[in-house]
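Written out below as C-alpha coordinates is the structure these notes cover.
Chains: A, B, C and D, in written order; residue numbering restarts at 1 for each.
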Amino acid sequence: MSDAPAGLTLDDAAAVLAAQPFSVLLGTRLTRFDGTGATLELDLRPEHLQQNGFGHGGILAYLADNALTFAGGTALGPAILTGGLTLDYLRPAPAGATLRADAAVVHHSRRQAVCRCDITAVLADGETATCAAAQGTIVATGGR
Amino acid sequence: MSDAPAGLTLDDAAAVLAAQPFSVLLGTRLTRFDGTGATLELDLRPEHLQQNGFGHGGILAYLADNALTFAGGTALGPAILTGGLTLDYLRPAPAGATLRADAAVVHHSRRQAVCRCDITAVLADGETATCAAAQGTIVATGGR
Amino acid sequence: MSDAPAGLTLDDAAAVLAAQPFSVLLGTRLTRFDGTGATLELDLRPEHLQQNGFGHGGILAYLADNALTFAGGTALGPAILTGGLTLDYLRPAPAGATLRADAAVVHHSRRQAVCRCDITAVLADGETATCAAAQGTIVATGGR
Amino acid sequence: MSDAPAGLTLDDAAAVLAAQPFSVLLGTRLTRFDGTGATLELDLRPEHLQQNGFGHGGILAYLADNALTFAGGTALGPAILTGGLTLDYLRPAPAGATLRADAAVVHHSRRQAVCRCDITAVLADGETATCAAAQGTIVATGGR
(Lines give C-alpha, C1' and ligand atoms only; values in the text may rest on other atoms or scores of the structure.)
Protein backbone atom coordinates (compact mmCIF):
# COMPACT_ATOMS: atom_id res chain seq x y z
CA MET A 1 0.00 0.00 0.00
CA SER A 2 2.40 2.63 -1.24
CA ASP A 3 1.24 6.21 -1.73
CA ALA A 4 -0.43 7.02 -4.99
CA PRO A 5 1.94 7.86 -7.87
CA ALA A 6 0.85 11.50 -7.85
CA GLY A 7 2.29 11.82 -4.34
CA LEU A 8 -0.97 12.23 -2.48
CA THR A 9 -1.58 10.28 0.69
CA LEU A 10 -4.80 8.77 1.98
CA ASP A 11 -5.00 11.66 4.45
CA ASP A 12 -4.62 14.23 1.68
CA ALA A 13 -7.41 12.62 -0.27
CA ALA A 14 -9.63 12.19 2.78
CA ALA A 15 -9.27 15.94 3.36
CA VAL A 16 -10.60 16.57 -0.16
CA LEU A 17 -13.57 14.30 0.51
CA ALA A 18 -14.24 16.09 3.81
CA ALA A 19 -14.25 19.38 1.88
CA GLN A 20 -17.11 18.14 -0.34
CA PRO A 21 -20.31 19.20 1.41
CA PHE A 22 -22.32 16.75 -0.72
CA SER A 23 -20.16 13.83 0.38
CA VAL A 24 -20.47 14.93 4.01
CA LEU A 25 -24.26 15.06 3.57
CA LEU A 26 -24.27 11.49 2.27
CA GLY A 27 -21.77 10.14 4.81
CA THR A 28 -19.18 8.90 2.32
CA ARG A 29 -15.88 7.51 3.65
CA LEU A 30 -12.58 7.11 1.79
CA THR A 31 -11.10 3.77 2.81
CA ARG A 32 -8.37 3.32 0.20
CA PHE A 33 -6.21 5.71 -1.84
CA ASP A 34 -2.96 4.22 -2.99
CA GLY A 35 -1.04 3.05 -6.01
CA THR A 36 -3.81 0.63 -6.92
CA GLY A 37 -6.72 3.08 -6.90
CA ALA A 38 -9.32 4.37 -4.46
CA THR A 39 -12.30 3.02 -2.53
CA LEU A 40 -15.29 4.94 -1.22
CA GLU A 41 -17.88 3.51 1.16
CA LEU A 42 -21.34 4.70 2.11
CA ASP A 43 -23.93 3.19 4.43
CA LEU A 44 -27.31 3.14 2.68
CA ARG A 45 -29.59 5.07 4.99
CA PRO A 46 -33.37 5.49 4.65
CA GLU A 47 -32.93 8.90 3.04
CA HIS A 48 -30.83 7.36 0.23
CA LEU A 49 -33.57 5.11 -1.11
CA GLN A 50 -35.96 5.23 -4.06
CA GLN A 51 -39.67 4.46 -4.11
CA ASN A 52 -39.24 0.67 -3.94
CA GLY A 53 -36.95 0.66 -0.93
CA PHE A 54 -33.66 0.14 -2.75
CA GLY A 55 -30.71 2.49 -2.93
CA HIS A 56 -31.51 5.25 -5.42
CA GLY A 57 -29.71 4.88 -8.74
CA GLY A 58 -28.49 8.41 -8.21
CA ILE A 59 -26.59 7.33 -5.09
CA LEU A 60 -24.76 4.72 -7.16
CA ALA A 61 -24.14 7.28 -9.88
CA TYR A 62 -22.73 9.71 -7.29
CA LEU A 63 -20.49 7.00 -5.87
CA ALA A 64 -19.24 5.99 -9.31
CA ASP A 65 -18.54 9.60 -10.26
CA ASN A 66 -16.65 10.28 -7.06
CA ALA A 67 -14.70 7.00 -6.88
CA LEU A 68 -13.62 7.32 -10.53
CA THR A 69 -12.45 10.85 -9.80
CA PHE A 70 -10.46 9.86 -6.72
CA ALA A 71 -8.91 6.99 -8.69
CA GLY A 72 -7.92 9.51 -11.36
CA GLY A 73 -6.39 11.60 -8.61
CA THR A 74 -4.08 8.75 -7.64
CA ALA A 75 -2.45 9.16 -11.05
CA LEU A 76 -2.96 12.83 -11.89
CA GLY A 77 -2.95 14.62 -8.55
CA PRO A 78 -5.60 16.93 -7.12
CA ALA A 79 -6.14 19.36 -10.04
CA ILE A 80 -8.60 17.27 -12.03
CA LEU A 81 -12.05 17.31 -13.58
CA THR A 82 -14.30 14.39 -14.42
CA GLY A 83 -14.84 14.37 -18.17
CA GLY A 84 -17.57 11.80 -18.26
CA LEU A 85 -18.64 8.39 -17.15
CA THR A 86 -20.74 5.40 -18.09
CA LEU A 87 -22.61 3.36 -15.52
CA ASP A 88 -24.30 0.00 -16.04
CA TYR A 89 -26.65 -1.05 -13.28
CA LEU A 90 -26.48 -4.72 -12.42
CA ARG A 91 -28.66 -5.28 -9.39
CA PRO A 92 -30.66 -3.15 -6.93
CA ALA A 93 -28.81 -2.19 -3.74
CA PRO A 94 -30.78 -3.35 -0.69
CA ALA A 95 -31.65 -0.95 2.14
CA GLY A 96 -29.23 -1.29 5.02
CA ALA A 97 -26.30 -2.41 2.89
CA THR A 98 -22.96 -0.68 2.84
CA LEU A 99 -22.00 0.34 -0.67
CA ARG A 100 -18.35 -0.01 -1.58
CA ALA A 101 -17.06 1.64 -4.76
CA ASP A 102 -13.67 0.26 -5.81
CA ALA A 103 -12.02 2.23 -8.59
CA ALA A 104 -8.75 1.76 -10.45
CA VAL A 105 -6.86 3.41 -13.27
CA VAL A 106 -6.90 1.48 -16.54
CA HIS A 107 -4.50 3.78 -18.33
CA HIS A 108 -3.22 7.30 -17.90
CA SER A 109 -1.08 9.90 -19.54
CA ARG A 110 -0.05 13.13 -17.82
CA ARG A 111 -3.24 14.75 -19.04
CA GLN A 112 -5.91 12.09 -18.70
CA ALA A 113 -6.81 8.87 -16.91
CA VAL A 114 -9.35 6.24 -17.89
CA CYS A 115 -10.66 4.53 -14.77
CA ARG A 116 -13.08 1.75 -13.91
CA CYS A 117 -15.22 1.25 -10.84
CA ASP A 118 -17.26 -1.63 -9.42
CA ILE A 119 -19.91 -0.92 -6.80
CA THR A 120 -20.58 -3.73 -4.37
CA ALA A 121 -23.31 -3.99 -1.76
CA VAL A 122 -22.05 -5.51 1.48
CA LEU A 123 -24.97 -6.90 3.45
CA ALA A 124 -25.29 -7.26 7.22
CA ASP A 125 -24.42 -10.96 7.02
CA GLY A 126 -21.26 -10.21 5.06
CA GLU A 127 -22.70 -11.35 1.73
CA THR A 128 -21.69 -9.16 -1.22
CA ALA A 129 -23.31 -8.42 -4.56
CA THR A 130 -22.04 -6.33 -7.44
CA CYS A 131 -24.59 -3.59 -8.08
CA ALA A 132 -23.01 -1.47 -10.82
CA ALA A 133 -20.00 -1.23 -13.12
CA ALA A 134 -18.64 2.06 -14.39
CA GLN A 135 -15.95 3.51 -16.62
CA GLY A 136 -14.95 7.14 -16.81
CA THR A 137 -12.40 9.66 -17.97
CA ILE A 138 -10.61 12.08 -15.64
CA VAL A 139 -8.78 15.09 -17.05
CA ALA A 140 -5.91 17.05 -15.50
CA THR A 141 -6.70 20.75 -15.33
CA GLY A 142 -3.24 21.95 -14.40
CA GLY A 143 -1.87 22.23 -17.90
CA ARG A 144 -4.93 23.71 -19.51
CA MET B 1 -48.98 19.11 -23.22
CA SER B 2 -50.90 15.88 -23.55
CA ASP B 3 -50.44 13.12 -21.01
CA ALA B 4 -47.55 10.77 -21.55
CA PRO B 5 -48.22 7.87 -23.94
CA ALA B 6 -48.07 5.37 -21.09
CA GLY B 7 -51.14 7.05 -19.55
CA LEU B 8 -49.42 8.55 -16.53
CA THR B 9 -50.13 12.14 -15.57
CA LEU B 10 -47.78 14.74 -14.14
CA ASP B 11 -49.44 14.16 -10.76
CA ASP B 12 -48.87 10.39 -10.98
CA ALA B 13 -45.22 10.94 -11.74
CA ALA B 14 -44.84 13.63 -9.05
CA ALA B 15 -46.17 11.12 -6.54
CA VAL B 16 -43.42 8.69 -7.55
CA LEU B 17 -40.81 11.41 -7.06
CA ALA B 18 -42.29 12.29 -3.66
CA ALA B 19 -41.94 8.60 -2.71
CA GLN B 20 -38.19 8.71 -3.35
CA PRO B 21 -36.60 9.68 -0.03
CA PHE B 22 -33.35 10.57 -1.80
CA SER B 23 -35.14 13.03 -4.11
CA VAL B 24 -36.93 14.55 -1.12
CA LEU B 25 -33.56 14.93 0.64
CA LEU B 26 -32.17 16.79 -2.38
CA GLY B 27 -35.28 18.91 -3.00
CA THR B 28 -35.93 17.75 -6.56
CA ARG B 29 -39.09 18.97 -8.34
CA LEU B 30 -40.81 17.41 -11.37
CA THR B 31 -41.89 20.27 -13.63
CA ARG B 32 -42.78 18.41 -16.84
CA PHE B 33 -44.05 14.90 -17.62
CA ASP B 34 -45.89 14.62 -20.89
CA GLY B 35 -45.72 13.23 -24.38
CA THR B 36 -42.45 15.04 -25.02
CA GLY B 37 -40.51 13.78 -21.98
CA ALA B 38 -39.83 14.87 -18.42
CA THR B 39 -38.04 17.70 -16.61
CA LEU B 40 -36.59 17.69 -13.12
CA GLU B 41 -35.34 20.78 -11.31
CA LEU B 42 -33.19 21.20 -8.23
CA ASP B 43 -31.88 24.31 -6.51
CA LEU B 44 -28.16 23.92 -5.84
CA ARG B 45 -27.79 24.38 -2.10
CA PRO B 46 -24.56 24.63 -0.12
CA GLU B 47 -24.80 20.96 0.85
CA HIS B 48 -24.82 19.93 -2.84
CA LEU B 49 -21.39 21.32 -3.64
CA GLN B 50 -17.94 19.86 -4.10
CA GLN B 51 -14.64 21.14 -2.73
CA ASN B 52 -14.32 24.01 -5.22
CA GLY B 53 -17.76 25.45 -4.63
CA PHE B 54 -19.47 24.03 -7.69
CA GLY B 55 -22.33 21.56 -7.82
CA HIS B 56 -20.95 18.08 -7.14
CA GLY B 57 -20.71 15.92 -10.24
CA GLY B 58 -22.70 13.35 -8.31
CA ILE B 59 -25.65 15.74 -8.14
CA LEU B 60 -25.61 16.03 -11.91
CA ALA B 61 -25.28 12.26 -12.22
CA TYR B 62 -28.26 11.79 -9.88
CA LEU B 63 -30.31 14.28 -11.90
CA ALA B 64 -29.40 12.61 -15.19
CA ASP B 65 -30.24 9.16 -13.83
CA ASN B 66 -33.58 10.29 -12.50
CA ALA B 67 -34.63 12.47 -15.44
CA LEU B 68 -33.75 9.71 -17.92
CA THR B 69 -35.82 7.27 -15.88
CA PHE B 70 -38.85 9.57 -15.71
CA ALA B 71 -38.56 10.17 -19.45
CA GLY B 72 -38.52 6.40 -19.93
CA GLY B 73 -41.63 6.25 -17.78
CA THR B 74 -43.50 8.52 -20.17
CA ALA B 75 -43.20 5.74 -22.75
CA LEU B 76 -43.08 2.57 -20.66
CA GLY B 77 -45.16 3.33 -17.58
CA PRO B 78 -44.12 3.04 -13.94
CA ALA B 79 -42.68 -0.52 -13.85
CA ILE B 80 -39.20 0.28 -15.09
CA LEU B 81 -35.53 -0.01 -14.22
CA THR B 82 -32.63 2.10 -15.41
CA GLY B 83 -30.28 -0.15 -17.33
CA GLY B 84 -27.41 2.27 -17.63
CA LEU B 85 -26.39 5.74 -18.58
CA THR B 86 -23.57 7.81 -19.96
CA LEU B 87 -22.90 11.34 -18.78
CA ASP B 88 -20.54 13.87 -20.35
CA TYR B 89 -19.74 16.88 -18.21
CA LEU B 90 -19.58 20.15 -20.09
CA ARG B 91 -19.18 22.92 -17.55
CA PRO B 92 -19.21 23.26 -13.76
CA ALA B 93 -22.56 24.17 -12.23
CA PRO B 94 -22.23 27.36 -10.15
CA ALA B 95 -23.43 27.51 -6.55
CA GLY B 96 -26.84 29.11 -6.28
CA ALA B 97 -27.99 28.02 -9.74
CA THR B 98 -31.10 26.02 -10.37
CA LEU B 99 -30.32 22.84 -12.28
CA ARG B 100 -32.85 21.80 -14.90
CA ALA B 101 -32.65 18.30 -16.39
CA ASP B 102 -34.69 17.97 -19.59
CA ALA B 103 -35.04 14.42 -20.82
CA ALA B 104 -36.74 12.93 -23.86
CA VAL B 105 -37.23 9.53 -25.43
CA VAL B 106 -35.12 8.92 -28.56
CA HIS B 107 -36.68 5.58 -29.38
CA HIS B 108 -38.69 2.98 -27.55
CA SER B 109 -40.18 -0.45 -27.97
CA ARG B 110 -42.58 -1.98 -25.44
CA ARG B 111 -39.62 -3.31 -23.51
CA GLN B 112 -37.02 -0.57 -23.63
CA ALA B 113 -36.52 3.14 -24.15
CA VAL B 114 -33.36 5.01 -25.08
CA CYS B 115 -33.50 8.52 -23.68
CA ARG B 116 -31.35 11.63 -23.69
CA CYS B 117 -31.02 14.39 -21.12
CA ASP B 118 -29.46 17.84 -21.07
CA ILE B 119 -28.71 19.50 -17.75
CA THR B 120 -28.83 23.28 -17.75
CA ALA B 121 -27.81 25.67 -14.98
CA VAL B 122 -30.21 28.59 -14.69
CA LEU B 123 -28.47 31.48 -12.90
CA ALA B 124 -30.05 34.17 -10.77
CA ASP B 125 -29.95 36.65 -13.66
CA GLY B 126 -31.75 34.20 -15.95
CA GLU B 127 -28.62 33.25 -17.89
CA THR B 128 -28.40 29.56 -18.76
CA ALA B 129 -25.50 27.23 -19.42
CA THR B 130 -25.52 23.58 -20.45
CA CYS B 131 -23.60 21.64 -17.79
CA ALA B 132 -23.96 18.01 -18.88
CA ALA B 133 -25.37 15.77 -21.60
CA ALA B 134 -26.52 12.21 -20.96
CA GLN B 135 -27.93 9.18 -22.72
CA GLY B 136 -29.41 6.15 -21.04
CA THR B 137 -31.46 3.00 -21.44
CA ILE B 138 -34.63 2.30 -19.44
CA VAL B 139 -36.06 -1.21 -19.33
CA ALA B 140 -39.65 -2.28 -18.63
CA THR B 141 -39.82 -4.77 -15.78
CA GLY B 142 -43.43 -5.79 -16.21
CA GLY B 143 -42.91 -8.47 -18.80
CA ARG B 144 -39.80 -10.01 -17.29
CA MET C 1 -26.92 25.33 -45.13
CA SER C 2 -24.10 27.66 -44.30
CA ASP C 3 -20.54 26.38 -43.98
CA ALA C 4 -19.58 24.88 -40.67
CA PRO C 5 -18.48 27.38 -37.99
CA ALA C 6 -14.89 26.14 -38.16
CA GLY C 7 -14.74 27.34 -41.77
CA LEU C 8 -14.56 23.95 -43.44
CA THR C 9 -16.73 23.25 -46.45
CA LEU C 10 -18.46 20.02 -47.43
CA ASP C 11 -15.73 19.53 -50.05
CA ASP C 12 -12.98 19.96 -47.44
CA ALA C 13 -14.60 17.37 -45.22
CA ALA C 14 -15.30 14.99 -48.11
CA ALA C 15 -11.59 15.12 -48.92
CA VAL C 16 -10.80 14.00 -45.36
CA LEU C 17 -13.24 11.11 -45.71
CA ALA C 18 -11.69 10.14 -49.06
CA ALA C 19 -8.29 10.09 -47.33
CA GLN C 20 -9.51 7.44 -44.87
CA PRO C 21 -8.74 4.08 -46.47
CA PHE C 22 -11.13 2.34 -44.09
CA SER C 23 -14.03 4.57 -45.15
CA VAL C 24 -13.16 3.98 -48.80
CA LEU C 25 -13.16 0.22 -48.14
CA LEU C 26 -16.64 0.48 -46.64
CA GLY C 27 -18.04 2.86 -49.25
CA THR C 28 -19.00 5.67 -46.87
CA ARG C 29 -20.32 8.94 -48.30
CA LEU C 30 -20.45 12.36 -46.62
CA THR C 31 -23.78 13.94 -47.53
CA ARG C 32 -23.94 16.85 -45.09
CA PHE C 33 -21.35 19.00 -43.35
CA ASP C 34 -22.60 22.39 -42.31
CA GLY C 35 -23.52 24.57 -39.37
CA THR C 36 -25.98 21.97 -38.14
CA GLY C 37 -23.69 18.94 -38.10
CA ALA C 38 -22.65 16.13 -40.45
CA THR C 39 -24.25 13.11 -42.10
CA LEU C 40 -22.55 9.95 -43.33
CA GLU C 41 -24.23 7.30 -45.46
CA LEU C 42 -23.26 3.74 -46.28
CA ASP C 43 -25.03 1.08 -48.34
CA LEU C 44 -25.11 -2.17 -46.37
CA ARG C 45 -23.43 -4.69 -48.64
CA PRO C 46 -23.18 -8.46 -48.11
CA GLU C 47 -19.66 -8.08 -46.71
CA HIS C 48 -20.94 -5.74 -43.96
CA LEU C 49 -23.22 -8.29 -42.33
CA GLN C 50 -23.03 -10.48 -39.23
CA GLN C 51 -23.96 -14.14 -38.92
CA ASN C 52 -27.73 -13.54 -38.91
CA GLY C 53 -27.81 -11.44 -42.05
CA PHE C 54 -28.08 -8.04 -40.39
CA GLY C 55 -25.60 -5.21 -40.54
CA HIS C 56 -22.73 -5.98 -38.15
CA GLY C 57 -22.82 -3.95 -34.95
CA GLY C 58 -19.26 -2.95 -35.75
CA ILE C 59 -20.46 -1.18 -38.92
CA LEU C 60 -22.84 0.88 -36.82
CA ALA C 61 -20.10 1.55 -34.29
CA TYR C 62 -17.76 2.67 -37.11
CA LEU C 63 -20.46 4.97 -38.49
CA ALA C 64 -21.21 6.46 -35.09
CA ASP C 65 -17.51 7.05 -34.40
CA ASN C 66 -16.95 8.71 -37.74
CA ALA C 67 -20.13 10.79 -37.85
CA LEU C 68 -19.54 12.07 -34.31
CA THR C 69 -16.00 13.03 -35.31
CA PHE C 70 -17.10 14.87 -38.45
CA ALA C 71 -19.77 16.67 -36.42
CA GLY C 72 -17.06 17.68 -33.96
CA GLY C 73 -15.06 18.96 -36.93
CA THR C 74 -17.86 21.34 -37.87
CA ALA C 75 -17.18 23.14 -34.59
CA LEU C 76 -13.48 22.50 -33.95
CA GLY C 77 -11.91 22.21 -37.40
CA PRO C 78 -9.81 19.37 -38.77
CA ALA C 79 -7.23 18.89 -35.97
CA ILE C 80 -9.31 16.68 -33.71
CA LEU C 81 -9.35 13.32 -31.95
CA THR C 82 -12.30 11.28 -30.81
CA GLY C 83 -12.10 10.96 -27.04
CA GLY C 84 -14.78 8.36 -26.62
CA LEU C 85 -18.31 7.40 -27.47
CA THR C 86 -21.33 5.53 -26.21
CA LEU C 87 -23.61 3.61 -28.54
CA ASP C 88 -27.00 2.12 -27.72
CA TYR C 89 -28.33 -0.35 -30.26
CA LEU C 90 -32.04 -0.05 -30.93
CA ARG C 91 -32.88 -2.38 -33.80
CA PRO C 92 -30.98 -4.62 -36.24
CA ALA C 93 -30.13 -3.02 -39.58
CA PRO C 94 -31.55 -5.12 -42.44
CA ALA C 95 -29.36 -6.26 -45.33
CA GLY C 96 -29.76 -4.01 -48.34
CA ALA C 97 -30.62 -0.91 -46.33
CA THR C 98 -28.74 2.34 -46.59
CA LEU C 99 -27.47 3.45 -43.20
CA ARG C 100 -27.61 7.17 -42.50
CA ALA C 101 -25.72 8.57 -39.51
CA ASP C 102 -26.87 12.09 -38.60
CA ALA C 103 -24.66 13.80 -36.04
CA ALA C 104 -24.87 17.19 -34.38
CA VAL C 105 -22.94 19.17 -31.77
CA VAL C 106 -24.70 19.42 -28.39
CA HIS C 107 -22.18 21.80 -26.90
CA HIS C 108 -18.63 22.88 -27.63
CA SER C 109 -15.85 24.99 -26.27
CA ARG C 110 -12.68 25.76 -28.24
CA ARG C 111 -11.14 22.57 -26.95
CA GLN C 112 -13.92 20.01 -26.95
CA ALA C 113 -17.30 19.17 -28.48
CA VAL C 114 -19.97 16.81 -27.19
CA CYS C 115 -21.93 15.41 -30.11
CA ARG C 116 -24.87 13.08 -30.64
CA CYS C 117 -25.66 10.79 -33.55
CA ASP C 118 -28.70 8.82 -34.67
CA ILE C 119 -28.27 5.98 -37.15
CA THR C 120 -31.26 5.31 -39.37
CA ALA C 121 -31.78 2.44 -41.79
CA VAL C 122 -33.44 3.57 -45.02
CA LEU C 123 -35.07 0.60 -46.74
CA ALA C 124 -35.67 0.08 -50.43
CA ASP C 125 -39.30 1.15 -50.10
CA GLY C 126 -38.31 4.39 -48.37
CA GLU C 127 -39.30 3.21 -44.90
CA THR C 128 -36.91 4.28 -42.15
CA ALA C 129 -36.04 2.83 -38.75
CA THR C 130 -33.72 4.18 -36.08
CA CYS C 131 -31.07 1.51 -35.43
CA ALA C 132 -28.72 3.15 -32.92
CA ALA C 133 -28.22 6.30 -30.83
CA ALA C 134 -24.78 7.56 -29.85
CA GLN C 135 -23.09 10.30 -27.86
CA GLY C 136 -19.40 11.14 -27.96
CA THR C 137 -16.70 13.62 -27.11
CA ILE C 138 -14.36 15.14 -29.70
CA VAL C 139 -11.19 16.90 -28.58
CA ALA C 140 -9.19 19.57 -30.42
CA THR C 141 -5.55 18.59 -30.77
CA GLY C 142 -4.26 21.92 -32.00
CA GLY C 143 -3.63 23.45 -28.62
CA ARG C 144 -2.20 20.39 -26.95
CA MET D 1 -8.60 -23.05 -20.29
CA SER D 2 -11.91 -24.77 -19.57
CA ASP D 3 -14.83 -24.32 -21.93
CA ALA D 4 -17.00 -21.29 -21.40
CA PRO D 5 -19.77 -21.67 -18.82
CA ALA D 6 -22.44 -21.56 -21.54
CA GLY D 7 -20.99 -24.79 -22.95
CA LEU D 8 -19.60 -23.34 -26.15
CA THR D 9 -16.09 -24.29 -27.24
CA LEU D 10 -13.50 -22.16 -28.98
CA ASP D 11 -14.35 -24.01 -32.21
CA ASP D 12 -18.05 -23.24 -31.83
CA ALA D 13 -17.31 -19.57 -31.33
CA ALA D 14 -14.77 -19.47 -34.17
CA ALA D 15 -17.48 -20.84 -36.46
CA VAL D 16 -19.71 -17.90 -35.50
CA LEU D 17 -16.91 -15.47 -36.29
CA ALA D 18 -16.31 -17.19 -39.64
CA ALA D 19 -20.02 -16.74 -40.39
CA GLN D 20 -19.71 -12.93 -40.00
CA PRO D 21 -18.88 -11.60 -43.48
CA PHE D 22 -17.72 -8.30 -41.95
CA SER D 23 -15.22 -10.06 -39.69
CA VAL D 24 -13.96 -12.11 -42.65
CA LEU D 25 -13.54 -8.87 -44.62
CA LEU D 26 -11.44 -7.40 -41.81
CA GLY D 27 -9.44 -10.58 -41.12
CA THR D 28 -10.41 -10.96 -37.46
CA ARG D 29 -9.24 -14.05 -35.57
CA LEU D 30 -10.68 -15.51 -32.36
CA THR D 31 -7.76 -16.60 -30.19
CA ARG D 32 -9.47 -17.20 -26.85
CA PHE D 33 -12.97 -18.23 -25.78
CA ASP D 34 -13.11 -19.85 -22.38
CA GLY D 35 -14.30 -19.42 -18.84
CA THR D 36 -12.31 -16.20 -18.51
CA GLY D 37 -13.65 -14.40 -21.60
CA ALA D 38 -12.76 -13.98 -25.24
CA THR D 39 -9.95 -12.45 -27.31
CA LEU D 40 -10.10 -11.21 -30.89
CA GLU D 41 -7.07 -10.22 -32.95
CA LEU D 42 -6.75 -8.28 -36.17
CA ASP D 43 -3.68 -7.23 -38.16
CA LEU D 44 -3.95 -3.54 -39.01
CA ARG D 45 -3.68 -3.43 -42.80
CA PRO D 46 -3.41 -0.32 -44.99
CA GLU D 47 -7.14 -0.44 -45.74
CA HIS D 48 -7.94 -0.20 -42.01
CA LEU D 49 -6.36 3.21 -41.49
CA GLN D 50 -7.64 6.76 -41.19
CA GLN D 51 -6.28 9.90 -42.83
CA ASN D 52 -3.25 10.23 -40.54
CA GLY D 53 -2.01 6.69 -40.99
CA PHE D 54 -3.32 5.23 -37.73
CA GLY D 55 -5.90 2.51 -37.30
CA HIS D 56 -9.34 4.01 -37.86
CA GLY D 57 -11.31 4.56 -34.67
CA GLY D 58 -14.08 2.57 -36.30
CA ILE D 59 -11.84 -0.51 -36.42
CA LEU D 60 -11.33 -0.25 -32.67
CA ALA D 61 -15.06 0.30 -32.18
CA TYR D 62 -15.80 -2.80 -34.29
CA LEU D 63 -13.30 -4.84 -32.27
CA ALA D 64 -14.71 -3.66 -28.97
CA ASP D 65 -18.28 -4.40 -30.08
CA ASN D 66 -17.39 -7.87 -31.26
CA ALA D 67 -15.09 -8.86 -28.39
CA LEU D 68 -17.64 -7.68 -25.82
CA THR D 69 -20.30 -9.75 -27.59
CA PHE D 70 -18.15 -12.90 -27.70
CA ALA D 71 -17.33 -12.42 -24.02
CA GLY D 72 -21.05 -12.17 -23.33
CA GLY D 73 -21.46 -15.40 -25.27
CA THR D 74 -19.14 -17.22 -22.88
CA ALA D 75 -21.75 -16.63 -20.18
CA LEU D 76 -25.03 -16.48 -22.09
CA GLY D 77 -24.55 -18.77 -25.07
CA PRO D 78 -25.02 -17.95 -28.74
CA ALA D 79 -28.49 -16.33 -28.75
CA ILE D 80 -27.47 -12.82 -27.78
CA LEU D 81 -27.64 -9.20 -28.85
CA THR D 82 -25.34 -6.33 -27.97
CA GLY D 83 -27.36 -3.75 -26.06
CA GLY D 84 -24.80 -1.00 -26.08
CA LEU D 85 -21.22 -0.11 -25.39
CA THR D 86 -18.94 2.68 -24.30
CA LEU D 87 -15.47 3.11 -25.73
CA ASP D 88 -12.74 5.43 -24.47
CA TYR D 89 -9.84 5.95 -26.84
CA LEU D 90 -6.46 6.06 -25.15
CA ARG D 91 -3.83 6.15 -27.86
CA PRO D 92 -3.71 5.90 -31.69
CA ALA D 93 -3.04 2.41 -33.06
CA PRO D 94 0.03 2.47 -35.32
CA ALA D 95 -0.10 1.03 -38.84
CA GLY D 96 1.32 -2.46 -38.98
CA ALA D 97 0.38 -3.34 -35.40
CA THR D 98 -1.71 -6.31 -34.46
CA LEU D 99 -4.73 -5.26 -32.41
CA ARG D 100 -5.73 -7.57 -29.59
CA ALA D 101 -9.12 -7.12 -27.91
CA ASP D 102 -9.34 -8.93 -24.57
CA ALA D 103 -12.84 -9.05 -23.12
CA ALA D 104 -14.21 -10.48 -19.90
CA VAL D 105 -17.54 -10.70 -18.10
CA VAL D 106 -17.87 -8.39 -15.09
CA HIS D 107 -21.21 -9.75 -13.99
CA HIS D 108 -24.02 -11.71 -15.54
CA SER D 109 -27.49 -13.01 -14.84
CA ARG D 110 -29.27 -15.46 -17.14
CA ARG D 111 -30.58 -12.54 -19.16
CA GLN D 112 -27.73 -10.09 -19.35
CA ALA D 113 -23.95 -9.75 -19.07
CA VAL D 114 -21.89 -6.64 -18.44
CA CYS D 115 -18.47 -7.04 -20.04
CA ARG D 116 -15.28 -5.06 -20.33
CA CYS D 117 -12.67 -5.01 -23.07
CA ASP D 118 -9.15 -3.62 -23.42
CA ILE D 119 -7.67 -3.16 -26.88
CA THR D 120 -3.91 -3.46 -27.08
CA ALA D 121 -1.64 -2.73 -30.05
CA VAL D 122 1.16 -5.28 -30.36
CA LEU D 123 3.98 -3.80 -32.41
CA ALA D 124 6.47 -5.64 -34.60
CA ASP D 125 9.14 -5.47 -31.86
CA GLY D 126 6.75 -7.00 -29.32
CA GLU D 127 6.07 -3.72 -27.54
CA THR D 128 2.45 -3.29 -26.47
CA ALA D 129 0.29 -0.23 -25.86
CA THR D 130 -3.29 -0.02 -24.62
CA CYS D 131 -5.30 1.84 -27.27
CA ALA D 132 -8.86 1.72 -25.97
CA ALA D 133 -11.00 0.59 -23.03
CA ALA D 134 -14.63 -0.43 -23.40
CA GLN D 135 -17.60 -1.58 -21.38
CA GLY D 136 -20.82 -3.00 -22.78
CA THR D 137 -24.02 -4.87 -22.08
CA ILE D 138 -24.97 -8.11 -23.82
CA VAL D 139 -28.56 -9.36 -23.67
CA ALA D 140 -29.83 -12.91 -24.08
CA THR D 141 -32.50 -13.14 -26.76
CA GLY D 142 -33.68 -16.65 -26.01
CA GLY D 143 -36.15 -15.76 -23.35
CA ARG D 144 -37.59 -12.70 -25.00
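Here is the rule we use: contacts are C-beta pairs under 8 Å (C-beta built on N, C-alpha and C of every residue); 3 or more make two chains touch, one makes a residue touch a chain.
Note that this is a predicted model, so its numbers are computed, not measured.
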item	value
Option in A-B, B-D or A-C whose residue-number contact pairs overlap C-D by over half	A-B
Mean-CA-position distance for subunit D and subunit B (Å)	33
Geometric centre distance via CA averages, subunit B-subunit A, whole Å	21
Separation of mean Cα positions, subunit C and subunit B [Å, integer]	27
Multi-partner residues of subunit D (each touching 2 or more other chains)	83-84, 86, 88, 137
Chain-level touch network, classified as line, ring, star, complete or other	complete
Subunit A-touching residues of subunit B, taken from the complex the two chains share	16, 19-25, 46-51, 56-59, 61-66, 69, 81-89
Residue ranges of subunit C touching subunit B (in the complex, touch as defined)	86, 88, 90-91, 106-107, 114, 116, 118, 130, 133-135, 137
Subunit A-touching residues of subunit C, taken from the complex the two chains share	83-84, 86, 111, 137, 144
